[in-house]
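Okay, so chain A shows up in both of these, paired with chain B first and chain C after.
Right, the complex of A and B next:
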């Protein structure tokens, strides 16, 4: 197990290295012109450009340039020349917001999807199943910026049931934190609920016909125990994998729309604004940040998978 | 040869009928099967695929219940009627009183649960036993069915066992609450021949130790010859012949039984060029012939076969030997001695080398 984890982590470093090389090339090498000018913001003065060129080593050879750039990214030593704010600080400020949004939404969509998927499978072919299927499809079809805007407008602005955007630190007031996040969580979770409950339903229906479920029944176990310990446990393995990957993807950029609609000021929204202004340092940093989370969650999923399915561990 | 069956039957199936509604119409899987098994007795249900033998066995356990299934008849176990029983009543019987071993040990155990936990789960379902004692019992059971280093292996997962070992685990699981009746549905079909013999040997020993009744469902008469006290031969949803092991093997009455017996490769007889086979295919379950179901494949068919022959004793002096064939016992004895390669049991003496 220890070796498995160690090897997985080494693999993770390789992937991150590859991503960093690609990112470097995309931002610094492929576009024509002087990278220092592109980076320097609106109407820079000549000395400013010169300073940037020197600081980033754009006169050095490409390997040194890569090393300098990555050193800046990793140590959080980046400054946005548009806003004059340190990029590391901004990401640090946005991270708890993005993680709060992603984590809460992930828990919500997983919980609801298990309920929907299991119930759908038990009632397969009957009215409840068909009803939930339609609900799921509607959920999958609604874009988050649309449903988010509707919720914000009607539930937040018109009815005033929920705060109209904004964010409260968890450490300040956990209840208020959750209260402010309910709408964003729901908006983000709806798509995943539809998708996950469809996948879970079909997994459960496959598992229910397995021989070992018949064995469980022949043992005299109750229906609830059969469902939870034998059917659900086996049906959940692929879903948990999916869950980890989607969580990583949401943290690494999937929440951009939700954060923007609800003005949460998370990392995603920060990235979106930076892209809008062609502000290179934050874009560079948030790209690496996204890659890091996606790769990290991939590795965690593999490790958790080995725990959930004992047959994997041999490798 | 084996412990004699003691008086009262433990489990009595009476006129069981099972049908399933499918897209192609109603399928009558079982058409009026009656069967009983007493303590310490091993009864074999023999038949080919689709004969209804597994459905009969699983219906007794309530494992064929579904919205599309329709049941008639009764199955009594110690005063409980199982066919119409509620799911809660059945749960108390399943695993504790009547236990089942399935055909495919590779898929019959939960792949992500330790085998010890799977056994403990069953024990604790039926008995209020603390974890430690239940685990101790699981180890004992695994030792009893012949799993080496049982104490270590109790924490292994099913994928860490071979097929034969998994079937032993299944047997340990089935025995964990000392059931009075053990239903084994093709327990050796998925195993190779040496393992088959070991598993059967183990089942017979366990019967001797615990006095449990065993219903053995199989398509393999070779398996039956080793272990069964009584045999019921099923064909196309009906029992066509039943009797003791000796009655079936030495004086088979139904042409289908002759066919089954004739198609076994034997070492104590001269070997024919080709093993005889029963011509034709079993009838489709949804479209069976009128009268005797074996009629289209039977070389001895005559006019009376259009009527369903009742299952009754026809051989004088053997009241328990019953069959569904209109021929008289004398006609049968004459007809079953045929040329090598034809349907029948005895080969003419001429075929034997000097």
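Right, the complex of A and C next:
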């Protein structure tokens, strides 16, 4: 088991390294990407550009540039080209917001999807099942920024049921924190509710036909107990895996659109703004940050799986 | 919670399809005929399949509407024009900057669904935008499918070092945050276009979002295909072909590829849906289709900014987008159930 974890961690570091190299080189090779020209303003003179180039080290060999940039990423000294603000600080500022959004949404979509999926499977083929299936399909067909903007306008602005944007720290007032995040949570969760309830429905239908369920019925257990203890618990394993992977993906960039449309100013929105200006240091840092979460959750899921199922360790 | 004996549940759900398939196999029908028959029985899927075709046809007819009814183009602004509604003169864009709402037939079909902030006809833009969105979706999905098939088949068939390299590349792509990467590429390429040797793509070309979208979904499709090739190559019929002296290419093209067809069809349908959604997301972040070119994504982006004064700007293109993606999802679901009831295909952003 120890060797498996070690191998998985080495793999993780390798992928992160590759992501950093690729991101760095993509933004240094793409045409019109010379940051010195863009930083110098509207009508720059050649000496101005030259000075910026020297100051920021743009005239160094590209490998040297990569090395110095990565050193700054590790020490947290990376500075934005355009706002001149330290990138590490900005990410630290946005992190609690992104995590609040991702975590709340993940709990919400898991809970609703279990209810939908289980009910749908119990009523398989009937009206309730068809209805929930259609609802799920509509959910996965809606762009999150569209439904988010409409929810914000109609529920937040027109009806005034929810605050129109804004964010309150959890430590300041947990209730207000949740109240401000209800709309973003819902908007982000809709897509995943669609996916999860469908996956859970088909898993439950598969499990219901297993022998151990028949045994449970034969020994006279109540229907509720069979459903919750035997069927649901066994149908949950693939869902929990997905949940881990998707949580990583949402923290690592999946929340960009939701953050932008609700103006939550998390890491995702920071990334989107940096990308819009082709501000390489924050783009690099947020990409690495995102890749880190994606890779980390992937590794955790693999390790938990290997722990549960020893055959995987040998592959 | 309903109490039901187990026997009743087994008559519904996926188990029943298997039973049905067993029964039908007795009549000696091939898998494709069986699939078609199952699909024809799924009225909901067929309905949504027709809806998609209808949407495509309507968007394809965009010039007809623009030339004969609206008498304006998708990028023509009417910022300071007036139209006659029931004999009354009205500004296309009010003095307070609020554009006119849907007129339907009141102005002979002009501004059927209202105008946007630049005084452009929304109906015309919606149809032309649909052409762009659908074109991007289908072409990008095609690109993903071809690339994935190539990578998946090569990796799954040659195994060893080739497989290891391809798997690592896919792992790295998988770990990239899709939207950050897509947006960054979109913004960068839109600035200067792309120059590869003699091939030159201008920054406002549709080829750029197509290229980006086509690329980012590759790992999601190549991985399952690789897995399927790995399991197919262990099957007896491949062994039989090899015993007859078939080389690797012969085995790949006439033994393995036909067996991937049903997976490819299902994936392709769902990929179009996801590509259309990703186009909208990229355009929303300013990295998809370049304005003033219309697409549903750019129109939603415009609309979201003005949602407080003119909500129809966001609602109209959004509803079209949802209808298109929904029809593809429902139809793709039906095709999957018909061709391969046991498969669990999942594509996502």
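Keep in mind that, in the parts below, the second predicted complex is superposed on the first by the 258 of 315 C-alpha atoms of A that agree within 3 Å, B and C clash if a C-alpha of one lies under 4 Å from a C-alpha of the other, contacts with A are read in each partner's own complex, and residues count from 1 in each chain.
Note that in this section a contact is a pair of C-beta atoms (placed from the backbone, for glycine too) under 8 Å apart; a residue touches a chain by one contact, two chains touch by 3 or more.
Please read all numbers here as calculations on a predicted model, not as lab measurements.
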Once the shared chain is lined up, is A:233 touching chain B (first), chain C (second), both, or neither of them? first
Which superposed partner A:166 touches (first chain B, second chain C, both, neither): neither
Looking at the overlay, does A:143 come into contact with chain B only (first), chain C only (second), both, or neither? second
If touched residues of chain A are counted for chain B and for chain C, the larger one: C
Per the contact definition in the header, classify A:202: touching chain B only (first), chain C only (second), both, or neither. second
Partner chain in contact with A:153 - chain B first, chain C second, else both or neither: second
For A:310 in the superposed arrangement: first (chain B), second (chain C), both or neither? first
Quick check on the superposed pair: does A:174 touch chain B, chain C, both, or neither? Answer first, second, both or neither. neither
By the touch definition at the top of the document, which applies to A:219: first (chain B), second (chain C), both, or neither? first
Could you list which residues of chain A make contact with chain B in one structure and with chain C in the other? 214, 217, 223
Interface with chain B, chain A side, in the complex: residues 210-212, 214-223, 225, 229-230, 233-234, 237, 308-311
Could you please specify the touching residues of chain C with respect to chain A in the complex? 1-4, 6, 9-10, 12-15, 44, 168, 171-172, 174-181, 183-185, 187-189, 191-195, 273, 277, 280-281, 284-287, 300, 303-304, 307-308, 311, 314-315, 318, 321-322, 325-326, 329-330, 333, 344, 346, 348-349
Along chain B, where are the residues that touch chain A in the complex? 61, 63, 87, 90-96, 99-100, 102, 104, 107-113, 121-122, 125-126, 157, 159, 170, 173
Can you list the chain A residues touching chain C in their complex? 11, 15-16, 18-19, 22-23, 26-27, 30-33, 121-125, 130, 137-138, 140-143, 145-146, 149-150, 152-153, 157, 191, 195, 199, 202, 205-206, 208-209, 213-214, 217, 223-224, 227, 249, 252-254, 256-257, 260-261, 271-272, 275-276, 278, 283, 286-287, 290-291, 294-295, 298
